[in-house]
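Let me give you the structure first, and then I'll get to my questions.
To keep things simple, chains are lettered A, B, C, D, E and F as they appear, and every chain counts its residues starting from 1.
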Amino acid sequence: MLNQLANLFMETGFTMLTYKHIIMIGIACLLIYLAIVKEYEPLLLLPIAFGMLLVNLPGGNLMEEGGLIYWFYKGVELGIYPPLIFLGIGAMTDFSPLLANPKTILLGAAAQLGIFLTFIGALFLGFSPQSAGAISIIGGADGPTAILTASILDKELLPAIAIAAYSYMALVPIIQPPIMKALTTPEERAIVMGQLRTVSQKEKIIFPVVVTIVTVLILPTAAPLIGMLMLGNLLKESGVVERLSKTAANELINIVTIFLALSVGATATAERFLQWETIKIIFLGLFAFSAGTAGGVLLGKLMSLLTGGKVNPLIGAAGVSAVPMAARVVQKVGREANETNFLLMHAMGPNVAGVIGSAVVAGLLIAILG
Amino acid sequence: MLNQLANLFMETGFTMLTYKHIIMIGIACLLIYLAIVKEYEPLLLLPIAFGMLLVNLPGGNLMEEGGLIYWFYKGVELGIYPPLIFLGIGAMTDFSPLLANPKTILLGAAAQLGIFLTFIGALFLGFSPQSAGAISIIGGADGPTAILTASILDKELLPAIAIAAYSYMALVPIIQPPIMKALTTPEERAIVMGQLRTVSQKEKIIFPVVVTIVTVLILPTAAPLIGMLMLGNLLKESGVVERLSKTAANELINIVTIFLALSVGATATAERFLQWETIKIIFLGLFAFSAGTAGGVLLGKLMSLLTGGKVNPLIGAAGVSAVPMAARVVQKVGREANETNFLLMHAMGPNVAGVIGSAVVAGLLIAILG
Amino acid sequence: MLNQLANLFMETGFTMLTYKHIIMIGIACLLIYLAIVKEYEPLLLLPIAFGMLLVNLPGGNLMEEGGLIYWFYKGVELGIYPPLIFLGIGAMTDFSPLLANPKTILLGAAAQLGIFLTFIGALFLGFSPQSAGAISIIGGADGPTAILTASILDKELLPAIAIAAYSYMALVPIIQPPIMKALTTPEERAIVMGQLRTVSQKEKIIFPVVVTIVTVLILPTAAPLIGMLMLGNLLKESGVVERLSKTAANELINIVTIFLALSVGATATAERFLQWETIKIIFLGLFAFSAGTAGGVLLGKLMSLLTGGKVNPLIGAAGVSAVPMAARVVQKVGREANETNFLLMHAMGPNVAGVIGSAVVAGLLIAILG
Amino acid sequence: MIKEVIIIEKLAYGLNLTLIGLGTVFFVLFLLQMVMKAQEMLFAKKTAKQTGAMMDLDVNSESQKVANEQAANYNDDMQANILAAITAAISIYIEGQQRSYKVVSVRKVWDKEASQAWTLTGQQNILSSRDSF
Amino acid sequence: MIKEVIIIEKLAYGLNLTLIGLGTVFFVLFLLQMVMKAQEMLFAKKTAKQTGAMMDLDVNSESQKVANEQAANYNDDMQANILAAITAAISIYIEGQQRSYKVVSVRKVWDKEASQAWTLTGQQNILSSRDSF
Amino acid sequence: MIKEVIIIEKLAYGLNLTLIGLGTVFFVLFLLQMVMKAQEMLFAKKTAKQTGAMMDLDVNSESQKVANEQAANYNDDMQANILAAITAAISIYIEGQQRSYKVVSVRKVWDKEASQAWTLTGQQNILSSRDSF
């Protein structure tokens, strides 16, 4: 019996526990704290952190072949979860602000600058092109896009990239304002934009179909993300399949989010996460968000110039996506400069354009580097 | 760099686009239009059409091994989705009208005539018995049954059969009335049917259990469809597992519908769909619906004769299933003949009987031809 | 044609029907009756019974490789469903009563006595240690725990164990009161317990994290059950991811319950179920519940003694889990002895502790015998 | 199986299948008709064929009953009804995404509120909403 | 592919990708801008730029309409409105977890209740809630 | 492993497992008890043991508060409450299957409606309901 007790004790996690596990458990608890108390993107970061916790309690083997989260992870490995999240996002997204002011879509392109500058930066920090591509997509400020791209280009870096992406999305209200203010004059920030035109239902219905055709024809590798995003939107805007769009935007996306986040978190083993690469990714991610914001604002300034001051350059900052946080930041900064300024709906245009933009870039990176 | 651009351009869908793709994209857009504007069975036809669109944008490879919809399609291939749809349909179906008037169940048998006459027709048009069986099931006027049968007997024809089945279900208000009127006299159509008796909860609970036992014992191959349909109905009628029956009738069926329809649509590649067979299937499908309607109405006439005019023969037309559209058509045609005529609940009996009837025929076709 | 009819007749279930099938169909119908009319744990027993019915209608082959329920069963085989049920249970469970009175957690340990005494009993009835372990877990009074353990230790016995576990959970109001009364004096049963302190939200949030760390470190094999239970609870208590906790506690658990119960029921083939082992399991299960109840009550008496009569020993009976039925039984028996006695919330402490307790024991049995 | 058969063979094959098929489906559905007839004789409500109350479609039976009751004492209890409506509406407004049992318990708590802040019976109501899995 | 390259090569590679990448994303999004412009010319509502009614966000349009209507005849139909609110609230209270269409049908049945216990039209309303799959 | 063992061996094996098993489960649950004790000392509310307010079961705390508030100014704001109830009931009637946040926003919009048709603040309310994934 003593023998058995000894054997059992050998199987406990305590005997296998190393200082690395303890650090990882600490990081997981910190992320749980940030998700709950600071409300850092809790929908993703809370289950990610819990997955990280579970996988770093030694002996559980939940990620070993046949383990529970090993099965959940299949949906990440096969590239199924991120498009399903996009299906739900599509069913929640209203493209009206973009349709009402088409030129703001270009701000969603300019904000992708952050991705490419980060790519160059990552190359210089010694990453391979594949790893650099995976890291740079953090600048897309879009969780599912980042997870899909990283899982294809370099899955070793997946947990660090996912955590960095969601953390910086939560930190958008801290990261963006200084850059926005540094690049604009108080007069520019005070620009009031005219009311948006009414968008007909017909336009809203045709839009997702045309976006799918145009985007997938040019960049077939963007099909899973763009296709599902636009299918979700079509289900919503069509108005005839409400039960499908509601389910896509609620129960289906919730179920997939639990599985996705838990299994992404569970890839964050100590061996994989406690590396210099993680530190580098954290810095590169911050740079990516900053550069993307700058890219958007700078094109905003150019647009302001060309339209004779009809565009408030701040709305360019929303082009990074981080929906709807970045648009709210624009609203706040705009109102600081001018009490009567309501930029929210104008910022929603580049904001949703940024989702399309980074999905296009993801398709491109996968096509070139994948 | 020019080299890379050239390579990238080679990977775009434009370079691979043929006139066949363009035709298929056009058909997909037409179906989207019909689903949204004409409300042709949008729950299925809208995602089917979108799947068709996605798979005909070349290069996306969503149906190639490892592609996104390739994984969704597994649920069709393994025969999982249609029974799950039936689970939800069972949890939505009220068999009271049938239980209140048991003899109307035979109208649900007579309307299967369409299936068998179509089978003969398909043989003469040169189809193999397997293909003919798959095509003939369109006459069952029941989407999940048609998809399951076609995916087993001849999956090459699956997209055409599914699209024909749902299209004609949407067209029931146009297809059925002329046939109904041609086969009945105004006096017959004006027959008012007596009020239905009250059905006790006990009868409603026992019914699904007995149907399962009787049907599966006689025709074991009908087990997946009949078994799930009756499980769903038992969950609903039992009254003790409301949370399960609600989920089966809402979120579960919605999720499965998205996956099923998207992946059935994605089987409609140009090579497979732009064939003479598709044209033939469209004609055979129309014939199947017409012959089924005639079969039901003719037995209705016989019943009317035998009961001394207590049965309005129109309700036989509802035996094709196409729930609840065919029953509404009966109500409308009946009211045209007699303002005070309310046939709706009487037509619901053969209507739900038709679902059981075509599932039985599907089991038979699979047993003999599969 | 006669030939074909003969062949078809050969394929009907009637020709394959044996008296064993008829007995199994009878048992399935009895369970359906108990689930609906007597409300014996209908959420599980109704679909379990229907699965049993389907698999005993010969020829359906739903559990053969490629059959419908064969695929559903994969989630049992891979150990996926029970942890997902626990995720939902966690999102429904309120640990406040336990946090308000921490010492009652030990009652949830004492009630596991039933498991171990049953293990010894099963050894003496000739079962192998693995089988004995699988059977003894019935004493955990927790369906998902029993199903997971039995599917790992001895899947031949799975259906009998699952049915016994849920049946006795439904019979707790009949099994427990005599034992509770036999082991306590009227004075003990009349003890009024003081009001519970208020539990802060902070405690409720930290609790699931700490339970996960402590339990999984000591017993890594308990990780799937405890990890998911605590994740569900954390999602609920965090208050920041309501859409995830609602989905886990509703649609997700409902969907998984349908698949789990249907496929567990479908393992109950005549060959497997109509064995002496099944009879033995039924007796051992009853013994397990009784011994568990006694274990809890006896520690309750000791606690009552040590605290100078501040603990009503009845609440120990709730330590078997069977949430929330066992706690309600405590309330009822307590009130019989003293009209002013409200033990419900005090019994909820050991009740939820029993869930943790039996998950720990399951982990232990899997570690030692698996 | 058969590839090139002459017309007569195809027709024979097709009619053969039609006969077997229609025979089977009529046989099965006729059996079910007999089952339903038997059920009717055993279980049918004696109060059938009442005018104006044809089918007890379960969707409505319960609501109807309550509606009738409410209608009955509408004038007497107008104030109480308004109160109930407001309470229910507000609780739905607050509880939102949460499900029925919550609304039920909230209303019960409201009833209790009138007399006592938070009773143990209230706890029991809440507890009973936990389904067992 | 490339492991050890000198700085100039990395920079060239990175700038290369940046040009191709930004070029592609601007090209695609510019095409989409043109598409939207074309749509605007074809389908845009003529009543645009009305003050105070900027975006017909579908979330609210319907509710607003009803709310407006309700507000309009609020004084006239106060009694009826209270009745409707009570009915709706009660039916929600009862039906709970059940979904929208039930509440809808319940209210319709209530309307019927006033005149007739249970009409066939009522059945039709209920029936029409069955989606076809 | 073991197939044919004599009674004493079975008993020894069983008791052995019982001791290890009960020992382990008591050990784990005792540790958790200590954890809870520690938590209590660190975080427990000071306002504990108030009569009539025992457990802040989160299911009800919020509703209770609102109910209390509503009860407080019931007589004063009767009209307003009826209006709110009607609005909420109607919006639920209309929105049906849609979820809580919609109903919430609808009511906010209604509030705005009284003063202004469609304000930008209203847009912000709606926007804030979009969860970020």
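As a working rule, contacts are C-beta pairs under 8 Å (C-beta built on N, C-alpha and C of every residue); 3 or more make two chains touch, one makes a residue touch a chain.
These numbers were taken from a predicted model, which means no experiment stands behind them.
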How short can a path of touching chains from subunit A to subunit F be, counted in steps?
1
By residue number, over half of the contact pairs should agree; on that basis which option among C-D, A-E or B-D is the same interface as A-F?
C-D
In angstrom, rounded to a whole number, how far apart do the mean CA points of subunit C and subunit E lie?
43
I'd like the Å distance between the centres of subunit D and subunit F, where a centre is the mean of that chain's Cα atoms.
28
Could you list the positions in subunit E whose residues touch two or more of the other chains?
20, 24, 53-55, 57, 59, 82, 85-86, 89, 92, 97-99, 123, 131
Touching two or more other chains - residue numbers and ranges from subunit B
4, 8, 43, 218-219, 239, 243, 246, 250-251, 257, 345, 364, 368
Mind listing the subunit C positions that touch subunit F in their complex?
94, 96-100, 102-103, 105-106, 108-110, 112-113, 115-117, 119-120, 123-124, 128-129, 195-203, 206-207, 210-211, 214-215, 218-219, 237, 239, 243, 345, 353, 356-357, 360-361, 364-365, 368
Which subunit D residues qualify as touching subunit C in the complex?
16, 19-20, 24, 97-99, 120, 123-124, 127-128, 130-133
Write out the stretch or stretches of subunit F touching subunit C in their complex.
1-3, 7, 10-11, 13-15, 17-18, 20-22, 24-33, 35-37, 39-40, 43-45, 47-51, 53-59, 131
Contacting residues of subunit C [partner subunit A, same complex]:
78-80, 83, 87, 205, 209, 212-213, 216-221, 223-224, 227-228, 231, 234-235, 238-241, 243-244, 246-248, 251-252, 364, 367-368
In their shared complex, at which residues does subunit B touch subunit E?
1, 4-5, 8, 41, 43-44, 85, 88-89, 92-93, 143-144, 169, 242-243, 246, 250, 253, 257, 322-325, 327-328, 331, 342, 344-345, 348
